[in-house]
Amino acid sequence: MVIITLDKLVEECGVVAVELKGTREAAEAAFFGLTGLQHRGQQSAGLALCSDGAITCYKDLGLVTDVLDEKILTLLLGERALGHVKYGTSSEGFQIFAQPLVINYKNGSLATAFSGALVNSRELRNKMEDDGVIFSTKSDCEIVAALVARHDKGDITEAVKKTMNTIKGGYAICFMTGDAIIGARDPFGLRPLALGKLGDGYAIASESCAFDVMDGEFIRDLKPGEVVHIKDGVVTSTDAGAAPVGALCSFEYVYFARPDSTIDGNNVYDVRETAGKILAREEPSNADIVIGVPDSGTPAAIGFSVGSGIPYRPALIKNKYIGRTFIEPTQSQREAGVRIKLNPIGSIVKGKSVVLVDDSIVRGTTMRKIITLIRGAGAKEVHLRITSPPIRNTCYFGVDTPDRKDFIANSSTVDQIRETLGADSLGFISTEGLLESLGGTEYCTGCFSGVYPIDV
Amino acid sequence: MVIITLDKLVEECGVVAVELKGTREAAEAAFFGLTGLQHRGQQSAGLALCSDGAITCYKDLGLVTDVLDEKILTLLLGERALGHVKYGTSSEGFQIFAQPLVINYKNGSLATAFSGALVNSRELRNKMEDDGVIFSTKSDCEIVAALVARHDKGDITEAVKKTMNTIKGGYAICFMTGDAIIGARDPFGLRPLALGKLGDGYAIASESCAFDVMDGEFIRDLKPGEVVHIKDGVVTSTDAGAAPVGALCSFEYVYFARPDSTIDGNNVYDVRETAGKILAREEPSNADIVIGVPDSGTPAAIGFSVGSGIPYRPALIKNKYIGRTFIEPTQSQREAGVRIKLNPIGSIVKGKSVVLVDDSIVRGTTMRKIITLIRGAGAKEVHLRITSPPIRNTCYFGVDTPDRKDFIANSSTVDQIRETLGADSLGFISTEGLLESLGGTEYCTGCFSGVYPIDV
Amino acid sequence: MVIITLDKLVEECGVVAVELKGTREAAEAAFFGLTGLQHRGQQSAGLALCSDGAITCYKDLGLVTDVLDEKILTLLLGERALGHVKYGTSSEGFQIFAQPLVINYKNGSLATAFSGALVNSRELRNKMEDDGVIFSTKSDCEIVAALVARHDKGDITEAVKKTMNTIKGGYAICFMTGDAIIGARDPFGLRPLALGKLGDGYAIASESCAFDVMDGEFIRDLKPGEVVHIKDGVVTSTDAGAAPVGALCSFEYVYFARPDSTIDGNNVYDVRETAGKILAREEPSNADIVIGVPDSGTPAAIGFSVGSGIPYRPALIKNKYIGRTFIEPTQSQREAGVRIKLNPIGSIVKGKSVVLVDDSIVRGTTMRKIITLIRGAGAKEVHLRITSPPIRNTCYFGVDTPDRKDFIANSSTVDQIRETLGADSLGFISTEGLLESLGGTEYCTGCFSGVYPIDV
Amino acid sequence: MVIITLDKLVEECGVVAVELKGTREAAEAAFFGLTGLQHRGQQSAGLALCSDGAITCYKDLGLVTDVLDEKILTLLLGERALGHVKYGTSSEGFQIFAQPLVINYKNGSLATAFSGALVNSRELRNKMEDDGVIFSTKSDCEIVAALVARHDKGDITEAVKKTMNTIKGGYAICFMTGDAIIGARDPFGLRPLALGKLGDGYAIASESCAFDVMDGEFIRDLKPGEVVHIKDGVVTSTDAGAAPVGALCSFEYVYFARPDSTIDGNNVYDVRETAGKILAREEPSNADIVIGVPDSGTPAAIGFSVGSGIPYRPALIKNKYIGRTFIEPTQSQREAGVRIKLNPIGSIVKGKSVVLVDDSIVRGTTMRKIITLIRGAGAKEVHLRITSPPIRNTCYFGVDTPDRKDFIANSSTVDQIRETLGADSLGFISTEGLLESLGGTEYCTGCFSGVYPIDV
């Protein structure tokens, strides 16, 4: 047996902060909010809690519902809470570098939940170590926390602002002190961060779907470079300096975010369906049916169906009890190991010419197997359509990308990819088509284009 | 906080048996087969293994991939294997009555994996206890194993046949001895059981999708009352006496089985899509869009869309990291707790008249919340369509049904249900319509009609 | 690294049963009783509980306090309870054959906790399997339970009596039905079993120290062949037929039992101290100090000190956080790995001639290392004295003995053993001396003499 | 049920550091060394490892053998290792502040294992926080690590020396850098720390018994105020400034240390036995037998026996499977709950006048129960003798003492204590007697006398 992982890029983190003025239920709300951000990170979860000004923190490896079970939650009462989910867990020995990170410094305690990545972390770390700063972890989160602590002369917003003027990168950060929660979004708006209302209180979260799950309401996205400070129900906004042009990560719409979230004015589902329609125009096909690779390819497949008039069918069944990483049998003669996770319905595809729609191709390893399966189930032709341009470049802003040489689009032409994957035809949406689906140009397309908003 | 469970009927079990002549990989194949049957039971899993005639058994509470991890699997080598997944786990103290059940008797060891339920278990148990038989559990499985052991005069098929003439009920059973695997389906064919080919070997499983996952091929369904004996690659079929008229559980198609399975000649997806089309004819609507309750309502929603010409949209997002049972906040003022699990996409439903399609309603508790959510997201009208008739009766053949009084259809007229659930209109498929989708009449519709194939 | 085990024989089990008339605290009492029997078995523990006539059972691998933690105990309320600790855990796959074993038969439920071993289990099993009996385990316990169930025509004492006339071996068994607890001791009294009083209730246990721990009082030992039935505070004694001559296991006094227990009229500590005195007479020495191998050798060392007039010193320190089985470094050049567990105090032994007293030698592996350590700490001479005769024979009555060839006394003369162990002199107590310490002859000395009370 | 803890003071920590030049087995040696220090802390354990200059750390709640199992150890290869065991585990939420603490700073990585306590930690922390230092924990260990990092201008010994001139308290600290191990003992020598040899390498440990267990040899104690630096097999000693008069904790001899350790020239067992002899002289008795409270009271009891001529007997049996903290039944009418842990042998004490010897009394809660038990077992008289003076004062140097009002000696005269405990007579050793047993005066007796070597 071998362990395989579905061929997808992975987001690094999700963050949420809650202040529920006059109640003690912030931790419960933040827990529910975190479950709504679970798709942004499944390896560790954590919740910091502020009760009467004192901060405690619960974090461990595992899903939100594993780390924070019902029993713990009934014990957690506080007026403020800060939560984090993480994809990749750096570890040194047994130490778990889950977040939030809680530090004690001259002005009290500070809890930090960081999403994204800094491009100047090495120089910041070296400089601070030269100044005598000691680090317990190798995370960007600790650098940010140390900078805020250093800059804090009594005005935490000012300290966060100064920190934002020192760090470079794409990030969404939530902080919690003994008396406030703070949200900060990078000057390019590379990573999303939104403000919501919960009864008389407020929340800040990576995606708007977290507000839904907390039974709250989305108010607005934080602006690039904005710091939002919430204390006792009063929201104060500060501009730490936005970049001249925004650069929200376009891949949030392609794959990362939940379809029920709305980011910077665009609903994620709508963008995906629209991209499918545009793809049907850019890369048409005369097939009999359209099928999507669930779950992320489904909205695009429906868009392709609407755009092309070819009927949509959910012909791939996904085993919901199997995670993104699973065991595959080695004795398999055919390239069908992925069938543990995805299985085609023969009665739908048999004898049909099929348009297969997915959101992206990274290495191509999973897609080749899916196409083999669909052909094995009797499909006459398989026309592959992808609603993102070919991925060819490293992300420096919080997405875990493989080595450049591992992107199939770096070693092959589109026709070579088609042949490797075993498709009858292959079409990627153009970068222009993707931007059309987003209705604007202020997006980072670095992983497709190699053009980044920040020097890296 | 409160713990809630999605309002669905639950199947009790899934079974799989594998013989791989000349190899030692039966356990690995059965493991993969079990993962493909995981939807039939999530509370316990087990695998019995026959290596050089000796049977060992690994079973515990948990999902297949929890109970049988990669480490264990590499240790398991054998020519035959028997697997079981279970929904409800009877427990007495710490003892786990997971299956397979392995017993030792005069002719050696016998492993049994049972799916379904007997209607005469009490009298069988009493009679055997009077004869001096001792039971370690309260399960039907142990009764069956004890009967086979008693009847075994050296011909295990004969013993199974005699046992089938003694027990009454709906069942699919797999056995494993030191030199063979055996499958037995009840005389009415109430529970499904199929035969498949795996390389040079054979497998028996509750659903055909298990063969796909094992990289094998579906051969045929067992006939009602059939016993299949597989030894050293030779398949022998014996007729233990079929009922004059078959009565396969119609709810297997409505909800239990995986859409990529084919049972008794009908593909499950096709039946669901067809039922949606018939429902569009029987209970038409003029809405703007059709949406399904994922995952089980999706095929029916597509069928309704095809039948009605109203476009389909996947407007409900399901949190795949949350199980069927989850924690709901109590502070929630609105009936929106289910949002942890299901969340509507506002941009799709806002201002729309919506047809909401699901496969069944049991108590109605979840559906009321879903409709509240959809309205909260801006839908103008919600027209509910259900592709099974109202459920009003206990199942005696292996489905875990609530008290009759808890079925919403037993205390309310269709219009009262509509009002309770908050829908603008409500239509159930007729029993005739359901049978039309199945293309025949030899099905059990007991939970709808109260008419059962066996006196209960 | 290698895993090593201290060189000792191991008892197989301990049993306890409690009835607390008019209260619900039997499980709590039995739990405390079990902790007092933990030395008789550390691999699995279990507690069956009778509440309003219904029996439930909690058992697992681990120490009593691991299997039955405070949380579980507060949930366990019942008028009767049955407990078991086990040394060796037979396992088949994941199945744990911990005890008590609970079966259901025509007259209800029966819980059985078995200590000891049968010599005719194979023929009993074969005969019953020919009669159609099915077994779930390979344990003697299940054979006993099946026999009692078969013989039970409404009088459980009669059924136990008939069972005792069928089985052969050394055993102490406790049973629990829906309305009574029963204790049974084999006709030779090979294994101990005692009756105690707990407030208004009663208890039966392998050793009297269990009554102390339950805050109760020892009443008397069961007589060989006696059955004691306790129901609603009424104790009824039945004679199932004692052997003409008793044969209590002498090794219970040598090593197995706790020093604070009294068995068949002899306090265990007293026997050990007396054996030490007799050994000082039989195998005198002119050494400077006497030291014992803790903990079991301490009473004998004190006896030797009293008998010889040589002062006693506790010169070996035992690491109480390390179990009987532990990891030993492989890089160790000297034979000093056991130092993890036992370390001599140099200031006591340096320059001294030492009498080292232990209760027994099995393979001799540990003792050689201890002597090496003591010499390494500066002892001038080491004179080894053992308060049991050389062990040369298999036990068939519930003690886990190694292969005969592994007993050091089977391959070497006493002088060869001395040389192998590196002692300056070596003396074993004579069988007569051991019996003198016991004050009688009605003891089994099979492991020393090869003469057994039952044909084996 | 209630949870109770034996009435003892507890040491806070044990430390060990190993360098094995030219091998990769330092972690294995440190693991075995830690098992020999387990009595100094049972709540958490940790091991930091230096392999090719890189430091990793494994630490968790639990005993050494739980945290570091055989599987982990085979993975751990390195030329240097640092271990720690801890009694009290400060925790904040789920975060475990086990040690060693590993930090990254301008000169690389530093692992710190701290034993003891600082008296000026609050002012040090405040001052450093004012200087911008951030702390992740509330431990003295982190303060020390931060100071060393700050003071490190390239010479780690110099940095440790400067740190020692800044901190005040009683401590034994081991450090590990990428190329050396360092040990530091406080200027008063309040906490013990010793140097040993392991083959071609060296080790530093809290107690000499750790060297025995590692199959090494004790070389010498570190002098008060000494820093020992070991790099590539070269030991360099530096004097950071000893106090004019030493003040080693006398309670190390009374209770904390293992009897097989030798500290500052005195063997621990010898001191305890001598204290027993002195007590027999200071507080004589005419009883029939002497018994000790195992395990710590045993050497003193033997000393009392030697001094008085009254024979010693091990009449209290300790259940070795029960920890210092355990569950006690509440239904117990008598004060006999401690019997779960300790049980007297009736045949020894019955009708006897008994001298009961223990090392110390803190609150008196356990002792009252022990005396009740001994009387209940038939003792005629119980004369209590304690080999430490009455404890009345807080320790500020690393021992976890209760509130002053909880010391029984603060609310009662000796005769009142005697009455509360139910003894026929009671005698404590005098402070002079204790110092006589230690053969000198350079000891801290603060918990008895209230006179401390440092202003607190």
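Letters are used for the chains, namely A, B, C and D, taken in the order the chains are written, and counting of residues starts over at 1 for each.
The rule is simple: contacts are C-beta pairs under 8 Å (C-beta built on N, C-alpha and C of every residue); 3 or more make two chains touch, one makes a residue touch a chain.
Predicted, not measured: the structure shown is a model, and the values here were computed from it.
Contact with chain A and chain B alike is made by no chain in this entry. When chain centres are set by their Cα atoms, the one at the greatest distance from chain C is A.
One inter-chain figure worth recording: chain A and chain D are separated by 50 Å, centre to centre, where each centre is the mean of the chain's CA atoms. For the pair chain A and chain C, the distance between C-alpha centroids works out to 60 Å. Annotation for chain C: no residues touch two or more other chains. Within the complex, the chain D residues that touch chain C are 1, 3, 25, 28-29, 32, 35-36, 38-39, 42, 63-65, 70, 73-74, 209, 212-213, 215, 258-260, 262, 267, 269-270, 295, 298-299, 302, 306, 311-315, 317, 319-322, 326-327, 329, 331-334, 336, 339-340, 343-348.
Looking at the complex, you find that chain B touches chain C at residues 48-49, 56-60, 92-95, 101-106, 126, 129-130, 132-138, 145-146, 149-150.
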